[in-house]
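Next up: the structures, one after another.
Both complexes below contain subunit A, partnered by subunit B and then by subunit C.
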Partner chain A sequence: MERLIDLFFSWDALEPYLPSLVRGFWLTVQITFISFFFAMIGGIFLAVLRQQRSASPEPIVRAAPAFARFIAVVYIDLMRGLPALLVVLILYLSLPFSGIPLLEDVGNVTVGIIGLSLVYAAYLAEILRAGIESVERGQVEAARSLGMTSGETMRKVVLPQAIRRVMPPLMNEFIILSKDTSLLTVISVTELVGAARDAQSQTFNSTSLIAAGVGYLIFTIPLTRLLDHYIERERRQHGAGTVVIP
Partner chain B sequence: MSHVVESVYALRVEELHKSFGEHEVLCGIDLQVHKGEVVCVIGPSGSGKSTLLRCMNLIEVPTSGRVFIGEDELTARRAKTNHLRSRAGMVFQSFNLFPHYSVRDNVALAPMKVKGMSREEAHERADELLARVGLSAHADKRPRALSGGQQQRVAIARALAMDPEVMLFDEATSALDPELVVEVLTVMRELAEGGMTMVVVTHEIGFAREVGDRLIFIDGGRIIESGVPAEVIANPREERTKQFLARVL
Partner chain C sequence: MRTRFFAPLALLAALALFAAGCGGSSSDTTTPANDLGLKTAGELLVGSDIPYAPFEFTDPGSTDAKGFDVDLVNAVAKEMGITKVTFQKESFDTIFTNTAAGRFDMAASSITITDERKKTVAFSDPYFEANQSVMVRTADAAAAGALSGQTITPQMAQVALKGRTIGVQRGTTGADLGKSIPDAKVQQFQKIDDAFNALIARRVDVVLNDYAISAYATVAKPDLKVVAKVSPSESYGFAFPTTNTALVTAFNAALTKVKASGEYAEIYKKWFNEEPPASATK
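What follows is the complex of A and B.
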């Protein structure tokens, strides 16, 4: 029993590696936020691309938005269908030989962020699309009747409402993304799991892995609580959600 | 030598057709609205009256035909649609206020975005218009906090903020509780008295009779009858108009 306790909860085994674990934690947090930021930009772009429609009766004019939709659908299907790990690996192993000026010599962390952003953009796009479609047609009609362009209408009227409505699933993706950053250990990024693994391989003691687990929970549990709080507030304000009749 | 002919029409519709798939909703509508004129449009549900109004600022794209605001053709191939649209203000049955903005910002948004007004300027103008529809006290609230009648008055102020040449009302009072209808009709009446050109799709026959300069009865996508409201209402010439009026009066 004592041996088990020592295996998982040994302060002595953990202590020398704490600084590197903290660095790993910090890197995980950074990668999560930066990847999510770019995934949101990509996701909004894809979602809007998927929404393109032309009111014109002319086939040639209609072809452009149809092509835009097609591109978006292909991208989303591709990125949702492939394992994030494979996407990251492909980038990591191919970019150095690609001859593409800036991308040729980026670091591991950057490659990881690019990979995760590309994959999560596809997931976020689908969520955002549902949000955009949930905004009543009358909102767009009102904005357009005031002379606003379709772009202004999207930015000022549709997207703010859409994002608010899909906040819970977006936050969910954020939490999943924070955990998926651990995939980057395979391209030797020493984020939280990587740092813990390094410590374990030196000491053959698992406390560092437990500590890494605690690190994720410190990050994700407040977020889930925050999310619940947000949903409750929205429910009170807008009367959405489960109805309780006494 | 050239000179600009000032049009007497605020809005013109020529040979307007609109089909949804196989179903033809508008079967060739011709309509000229004089500056300062109030045209009320009545007709049974599904007659095409709302579609006609929505075609007037291209929220619905006509299948064929032409729409003019002033002298400018909205349906022209290279028309600056966004700009032209802003010259016709629209008020919807379901208000369609922006729920994520305050009442003041609802009114100020389009002047800032479309007219390039500064925030201060747009807010000042918004406050003016809100005072005009009697809602100064509610400027900082969200639309949700207002009654239906108040929301519709905000929607009118929002449309007026773009200084439109013509106002289009699409059953503006149909979604309101009976006791709230009056406050909206009062604002509309004041607008008409101030010389605003208006096209009003409505079920309020009383309003059409008292405020309208012309009454148009539409059925089956065609203008069946048109004339001075009091006369059309008292002595409709067409059988279908008689039947409709008998049902709603």
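What follows is the complex of A and C.
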């Protein structure tokens, strides 16, 4: 018991490594926000792409939206089916040989952000699709009859309502993403878990791992509280059933 | 030690571990003294960070460990009358804590004996003389200039590699060397092969790692080249829990016999195609 406390709860072993753990924490927070931002953009794009329909009787005119749907479905199937770890590793080792000017020289943190954004765009697209489909058909018809184009209808009428309804599952994905940033240790990104393992490998003391755990909780628990608060508020204002509970 | 701050967490963790650990604690009391305190009498469980060729690795498609460490531990175990030796995969950065915790009887993983590590584990007598080495891409070898083809001191490495991006394996003496280099960006990998791949992919400029392992890798990866050895040399030792001094004593006695009988030299020649240095068989 004495040994256990010494190995996992020793302030003396932790203290010299606190600055590097704080740097790791900050990097984790940054990667989470930036990746989620790009994943949202990609997710909205994919969800909209997947909603493309044409009422035209002409097969030629109907082919374009059908192709757009096909692309979105293939992408989502692929990225949802692959472990984020694998996507990140493949990008990390292959990009320098890609010959693509900007992507050739990106550092490991950027590779991590690209990988996580690509994978999470697929997850977010499916959540957003559910949100888009939950907006009543009548809203679209009303917007169109007011003279809005289909693009305007999506931007100004459907998406704002869709996103609000799926806020809880979106925030859920955000929390999962914040923890998946730890996968980037394989490409030697010194985020929170990486910093903790560095400390552990030098001191042979595991307190840094506990500290890393505390770091994640400091980040995620307020978010889960916020999520509960949001769900409660939506319920009060709009009644049950208007917001998706993860 | 200041533990007060963590006390409630410690209590929770202790409860969880207590619940999980109730089943397995009886073996210590029933083990006879002549079994050297092995986890299973007559069997040696060895922790090892596999792959780290040619010291410990597996052939494609196989799960059987092979290599210099594996052959040597098998020879010593045979000398000790141990019939079964099992190698268990273990990450290098946690191998010391897990050896100390008694998760396996010993660790054989090209481990350099250092004073820092001696605080956590007990070491056998040295069994291999090793150097750190500087590895670059073959295409850049010419540009390595001052480093090329010689044995350099850590101070020379610190000057020559200043500000470079350096790949190392986490928890190794190579990582320690990397961190001593001013302004260098040290990227730490879980497996040394990840560092080699990162070097090929131009993610890092150099890899600092034990010479024998890096040199062996260049045979399979002609894109990579070892340009310098770093002196002074280090010694590899097998690691044991500090509590099991009987096992360390018996192991050292058997290791001395294996060295004296010429078996050590045979194993050495098998893996490195050369006679061991005179210092190694003493």
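We adopt the following convention: the second predicted complex is superposed on the first by the 240 of 246 C-alpha atoms of A that agree within 3 Å, B and C clash if a C-alpha of one lies under 4 Å from a C-alpha of the other, contacts with A are read in each partner's own complex, and residues count from 1 in each chain.
Just so it is clear, contacts are C-beta pairs under 8 Å (C-beta built on N, C-alpha and C of every residue); 3 or more make two chains touch, one makes a residue touch a chain.
Computed from a prediction, not measured in an experiment: that's the story for all the values here.
On the superposed subunit A, the two partners subunit B and subunit C both fit, without a clash.
In the superposed pair of complexes, A:M1 makes contact with subunit C only, with no contact to subunit B. The partner that reaches more residues of subunit A, of the two candidates subunit B and subunit C, is C.
When both complexes are overlaid on chain A, the residue A:D12 reaches subunit C alone and has no touch with subunit B.
With subunit A as vertex, the superposed Cα centres of subunit B and subunit C define an angle of 170 degrees, given in steps of 10. Touch criterion not met for A:D77: it reaches neither subunit B nor subunit C.
In the superposed pair of complexes, A:E232 makes contact with neither subunit B nor subunit C. In the overlay built on the shared chain, the residue A:E136 is in contact with subunit B alone; subunit C does not reach it. The minimum CA-CA separation between subunit B and subunit C in the overlaid arrangement is 45 Å, rounded to the whole angstrom.
Here subunit A touches subunit B in the complex through residues 55-57, 136, 138-139, 141-149, 152, 156-157, 160-161, 164, 238, going by the rule given at the top. Listing the residues of subunit B that touch subunit A in their complex gives 54, 57, 59, 61, 63, 82-83, 85-90, 92, 94, 96-100, 109-110, 113-114, 144, 155, 158-159, 161-162. Of all residues in subunit C, those touching subunit A in their complex are 1-3, 5-7, 9-10, 13-14, 17, 92-94, 96-97, 100, 117, 119-120, 167, 170-171, 175, 187-190, 194, 197-198, 201-203. Those residues of subunit A that touch subunit C in the complex are listed here as 1, 4-12, 92-97, 108, 185-188, 190, 194, 197-198, 200-202, 204-206, 210.
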